[in-house]
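Report on the structure given below.
Letters A, B, C, D, E, F, G, H, I and J name the chains as they come in the text, with residue numbers starting at 1 for each one.
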Amino acid sequence: MRMTENLHEIVVNQKNAKGLTWEEVAAAIGKSPVYAAMLCYGYGQATEQEAAALARLLDLDAATQKALTEAPHRTPVQPWPPTDPFVYRFYEVILLYGPVLKDVCHEIFGDGIMSAIDFSIDVKKVKGDEGEDRAQIILNGKWLRYKKF
Amino acid sequence: MRMTENLHEIVVNQKNAKGLTWEEVAAAIGKSPVYAAMLCYGYGQATEQEAAALARLLDLDAATQKALTEAPHRTPVQPWPPTDPFVYRFYEVILLYGPVLKDVCHEIFGDGIMSAIDFSIDVKKVKGDEGEDRAQIILNGKWLRYKKF
Amino acid sequence: MRMTENLHEIVVNQKNAKGLTWEEVAAAIGKSPVYAAMLCYGYGQATEQEAAALARLLDLDAATQKALTEAPHRTPVQPWPPTDPFVYRFYEVILLYGPVLKDVCHEIFGDGIMSAIDFSIDVKKVKGDEGEDRAQIILNGKWLRYKKF
Amino acid sequence: MRMTENLHEIVVNQKNAKGLTWEEVAAAIGKSPVYAAMLCYGYGQATEQEAAALARLLDLDAATQKALTEAPHRTPVQPWPPTDPFVYRFYEVILLYGPVLKDVCHEIFGDGIMSAIDFSIDVKKVKGDEGEDRAQIILNGKWLRYKKF
Amino acid sequence: MRMTENLHEIVVNQKNAKGLTWEEVAAAIGKSPVYAAMLCYGYGQATEQEAAALARLLDLDAATQKALTEAPHRTPVQPWPPTDPFVYRFYEVILLYGPVLKDVCHEIFGDGIMSAIDFSIDVKKVKGDEGEDRAQIILNGKWLRYKKF
Amino acid sequence: MRMTENLHEIVVNQKNAKGLTWEEVAAAIGKSPVYAAMLCYGYGQATEQEAAALARLLDLDAATQKALTEAPHRTPVQPWPPTDPFVYRFYEVILLYGPVLKDVCHEIFGDGIMSAIDFSIDVKKVKGDEGEDRAQIILNGKWLRYKKF
Amino acid sequence: MRMTENLHEIVVNQKNAKGLTWEEVAAAIGKSPVYAAMLCYGYGQATEQEAAALARLLDLDAATQKALTEAPHRTPVQPWPPTDPFVYRFYEVILLYGPVLKDVCHEIFGDGIMSAIDFSIDVKKVKGDEGEDRAQIILNGKWLRYKKF
Amino acid sequence: MRMTENLHEIVVNQKNAKGLTWEEVAAAIGKSPVYAAMLCYGYGQATEQEAAALARLLDLDAATQKALTEAPHRTPVQPWPPTDPFVYRFYEVILLYGPVLKDVCHEIFGDGIMSAIDFSIDVKKVKGDEGEDRAQIILNGKWLRYKKF
Amino acid sequence: MRMTENLHEIVVNQKNAKGLTWEEVAAAIGKSPVYAAMLCYGYGQATEQEAAALARLLDLDAATQKALTEAPHRTPVQPWPPTDPFVYRFYEVILLYGPVLKDVCHEIFGDGIMSAIDFSIDVKKVKGDEGEDRAQIILNGKWLRYKKF
Amino acid sequence: MRMTENLHEIVVNQKNAKGLTWEEVAAAIGKSPVYAAMLCYGYGQATEQEAAALARLLDLDAATQKALTEAPHRTPVQPWPPTDPFVYRFYEVILLYGPVLKDVCHEIFGDGIMSAIDFSIDVKKVKGDEGEDRAQIILNGKWLRYKKF
């Protein structure tokens, strides 16, 4: 277990202090902005190269760089159920439409789940029919079928 | 408040009994399969035409047809936190990556939220790099900025 | 994510120590007292001008001023469910009369919600029929209709 | 204690079945639409006249009419925390801005609370600066000061 | 909001260190022992005179004296539900007999509540029929009737 | 364990249907109105005489009369935490002032508790200084000291 | 969503009534006893052949047989946290030793999880060093590595 | 009660800092890697020899070495319910299949439990039918039968 | 899993209706009163002989008699945390003095637990020093030591 | 209220550091080992003599000695529900067999409770029928009957 509980505070504070964007952090490690943010928030195990690149970009010390390469124990960095309205809206969507999605997916794929491990997220800014700004969040996970035995 | 608490049981049972797919239900009302399922699960207010089309397709009685046109009180049709693994994986994603998404979105849009009301969901089956089946869930909501006053 | 967790303690302490009223803080940024308090409690993203005006009025250091311009992660500054009687009375009103308000609003507006983002609050002191002091809280939010898709 | 647990189901069902609006129910008892709905949802003690008028309008039997005149035990007619987005938005407002309102009110009134008993609610449809529909909810309660002893 | 979270620790510690009784603290401010304890535990807004008298008696510094005159945010100084047997017994009484009291009070007063704001508590030591010591707790609150509107 | 779960519904319904007051029920068994209500709500073990008197007054059948003489399993007849404002106000008083009462009582009695078993409650209507109606609730319990061993 | 909520009661009751063992049920479908029990408890999607074999063995009607072939919504058939001591002991093991297992597995496999979908369980009776009966539970799941993107 | 609350942080940090594997820690005390990790995480009472060996290997001071030989108070080192996906998958397995395992075990052993005290865990890396890596977790506990008396 | 959820209601009702004491039920099966009550409440697996004796004594039908011989799924027959004062007092004892007992036991026995499976309870009425009635509850369980592996 | 929150840490640490047993602490104050441990864990109000004896034995400073003589606010020194298996087994016993004990006790004593205040606990090591070590925990409390009024 990573013992550096406040790892993400150190890393995200450095990113904020340097005025870097997630695009820029992402470019430094050759991954997407969402994944770069996941690493900095402590939700991933960086490769040696990724950790070194983050350390160079964000002036992290050796202990922080090493901690980034350990397998993290994943815990939320927020109260739960979510009190922040941005996060709550997603919670509401799953709370209400989760079984609807399950039903539609099972019609397509049979009994199973969308993996949250072999999984990626992408975020885009798109325009709506009336020219309004819209957020598009794309979740993409491998379909796993239940094993029989 | 709709007083027909078990509305979705009546409607979904009829869909199951008739062996219809959500594609077919969707075609009957000219909406997407996810939205058609949302109406049948009680998460939407059907127009008169939609309710009539559903009633014809699913042999619903007049009271059920009328109830579909009332504004629903939205409650989950499942235990919560979710015990079903399909639904839980989405919960896990929000629990862990919610603040990551928030951070990336705020960089793009400024302080605000993705609406869960002026909002749609789409589901697709796609292929991964190794030919594996993957589920792609696309969330699309209007960006709302906090008002100053 | 703002990493300055105790931002509101710094800002509100300064306001208390200087013996300023919310009216006076509001005047400094050209907004209403409630909104001025929301900014100081960390529930808003100040513009550069607002943050500068608050920093001047309250003698905030540069880091605090900058933090005020970041998008906040919204968390309660109180135990929840509310133990303070002032806050609890509002909780009680929503707990009991929420569905009543929903029913009356749906009759007026159709299926949808009052936005809590494109939203403002105003507080007034008024007199009752027997000359008693009464508090009047006015909530005002854009009506959002559910999207069909 | 009222033993008629499903009183509001009987009364609201009758109102729905007859296609009456809350305006019309309110007119029958000479109260506001919100208060009329509160009585029908079981959140008030009707006078003999009010109960008689409701019974006439809604074809209620004698036992239901009598139950309306008993002091109710107030319980929510919904899951809690609220899962319905309309109700949740109010919950969110109190969760986050409760202490802000408290602070502003205490500056105006001193230590005390807005009563939720000597209290009324009004709902209005108003237009916003860009012509959009907005809901305005006005809470009005007697200010109660803490007693010293 | 009072920012001095540990106010009651400072004040009660001083009272303990000086070996004062609540009777003596009460005498210094001309209030009852229960109310004097409520002020010291942070459950009241002291007048200037009360705060000055407490500061003299308990050697409080100027900041603590000033904090006593601010409207407090009321939070419990104990775990909840109560683990202490003394407090739990009251909890048990309300849990079980709350509706009984409500029923008896409504027969006397009609639909309403006993205010917890315009409210006082008194504690007495009395003798029982067999000469045993008994505690008598007297709760006294203004009766508030529900408003019609 | 009493297996008649809905005992209090049967008994209280009969009391309501006959239009009896708690004063009248109390007179029939020679106890106080609060205690009479406690028995009818299932919070006491009636003597043979009390059960017989209640059966005569309320036209209870033999099984109900017998059940009243069994030791009850005490469970709340309401949601908990209390949603009814009358009951909540007592909850609030214990939540906030419990440790204050404990402190004052310990000064009087030493380490121990007020029994909730060798215990009685009385309710009175009194007038306040400005002629207002006030409820007075008197709790009276034997003081129990912790045993040393 | 399967609408037959009590499916497992029907199926397990039939198995009990016929005095069949899980070994015998398993033999009828050519799967292991644990998997056979999972199907009967509603935690799997039976193939047409499996459902037919179960229907023959347990005298199930056509609707039950068809329901067995639908993708189930997985919910616990027990209170949670577990009150049954058999189930609780497993809960205790995960509660306490979960992070220990995680640490050891990450040393072996790198950052990832043991799948609970591509997963099987086996149960054996073995003898301990002192001849005592011991239960051996073998969990076997595919290792899934977190995806980078 | 061990008063060294952060014992596991000291010990595991030393293991991480020295770059030791659980295999190596296990070898030093002649136990399995899982048990070695359990001791270091504070879930066991080390013998004098084990504590001495750990102290030598990990450069622990005398107080830490002594604390390892005291009987621990077992508490989780993680949030609960588990938010980490690795730990959650086990939780899900027990949540859903706990009663299935119970049923199958009772058929084999009669009414009782698998002990979580006279109990061991083993972890293995195995290959699946398609050559994929799989984790195998073997739980092994003494069967305890309920006593009659 | 026993599917007869209300088994204890049937059995205990019969015991009450026949006016039998637990002593008498115990005599019929040659066990202690507490164990006899445990069987009737569904917390044990009766032998064929015990079930037959209970069926004769209590006039149980064949299905109930058979259900008594199945391994039960143990769930509480009461709300939890306990609202009944009798049960709560035990809860309070464990809540507060659990770690004290643990400490004293570990001094006597080393690291381990008192089994709740190989376990019995006895209840006695004894006299105190002042002649008062006292309840004596004797818990007796096998000491289980943690296994090393 | 005692303001020395970590009192038990100071006292128990001293006991551990000096290598004393609870037998030895008990001997110093002339009470039982369990009661001595209760005082040291902060679950009792020491007499002046007891506090002085503890201070001498454990080298406590004057403030700690004085704090031991104040009436404690009783709070658990452990997470709750209990995660430690030793404590959990007692929790399980009350959860499941609480109503059984209640039933048996009511047959013996009538409606009332076993006091947890006029109450003592004793722990013994005894031998079982097969020579195994068993823990015997004896709870002994005054029987309190419900008062009629």
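Structure notes:
What we mean here is this: contacts are C-beta pairs under 8 Å (C-beta built on N, C-alpha and C of every residue); 3 or more make two chains touch, one makes a residue touch a chain.
This one's a predicted model, so the numbers in the text were calculated from it and none came from an experiment.
Each of B-G and B-H has its own count of C-beta contacts, and the greater count is at B-G. Comparing each option in F-I, A-C or D-E with B-C by residue number, the pair that reproduces over half of the contacts is D-E. Centre-to-centre separation of subunit C and subunit J, using mean CA positions: 48 Å. Centroids built from CA atoms put subunit F at 23 Å from subunit E.
Multi-chain contact residues of subunit J (touching two or more other chains): 1, 34, 73-74, 76-78, 83-85, 92, 95-96, 99, 102-103, 106, 112-113, 115-117, 119.
Residues 1, 3, 70, 73-76, 116-117 of subunit G touch subunit B in their complex. Those residues of subunit G that touch subunit I in the complex are listed here as 9, 12-13, 16, 77-79, 83-85.
Residues 81, 83, 85, 88, 92, 95-96 of subunit C are the ones touching subunit F in the complex. For subunit D in complex with subunit E, the residues that touch the partner chain are 1, 31-32, 34-35, 44-45, 71-73, 99, 102-103, 106, 110-113, 115, 117-120, 144-149. Residues of subunit B that touch subunit A in their complex: 21-23, 33-34, 37-38, 41, 43, 74, 76-78, 80, 82, 84-87, 89-105, 107-109, 112-116, 119, 121, 123, 125-126, 128, 132-143.
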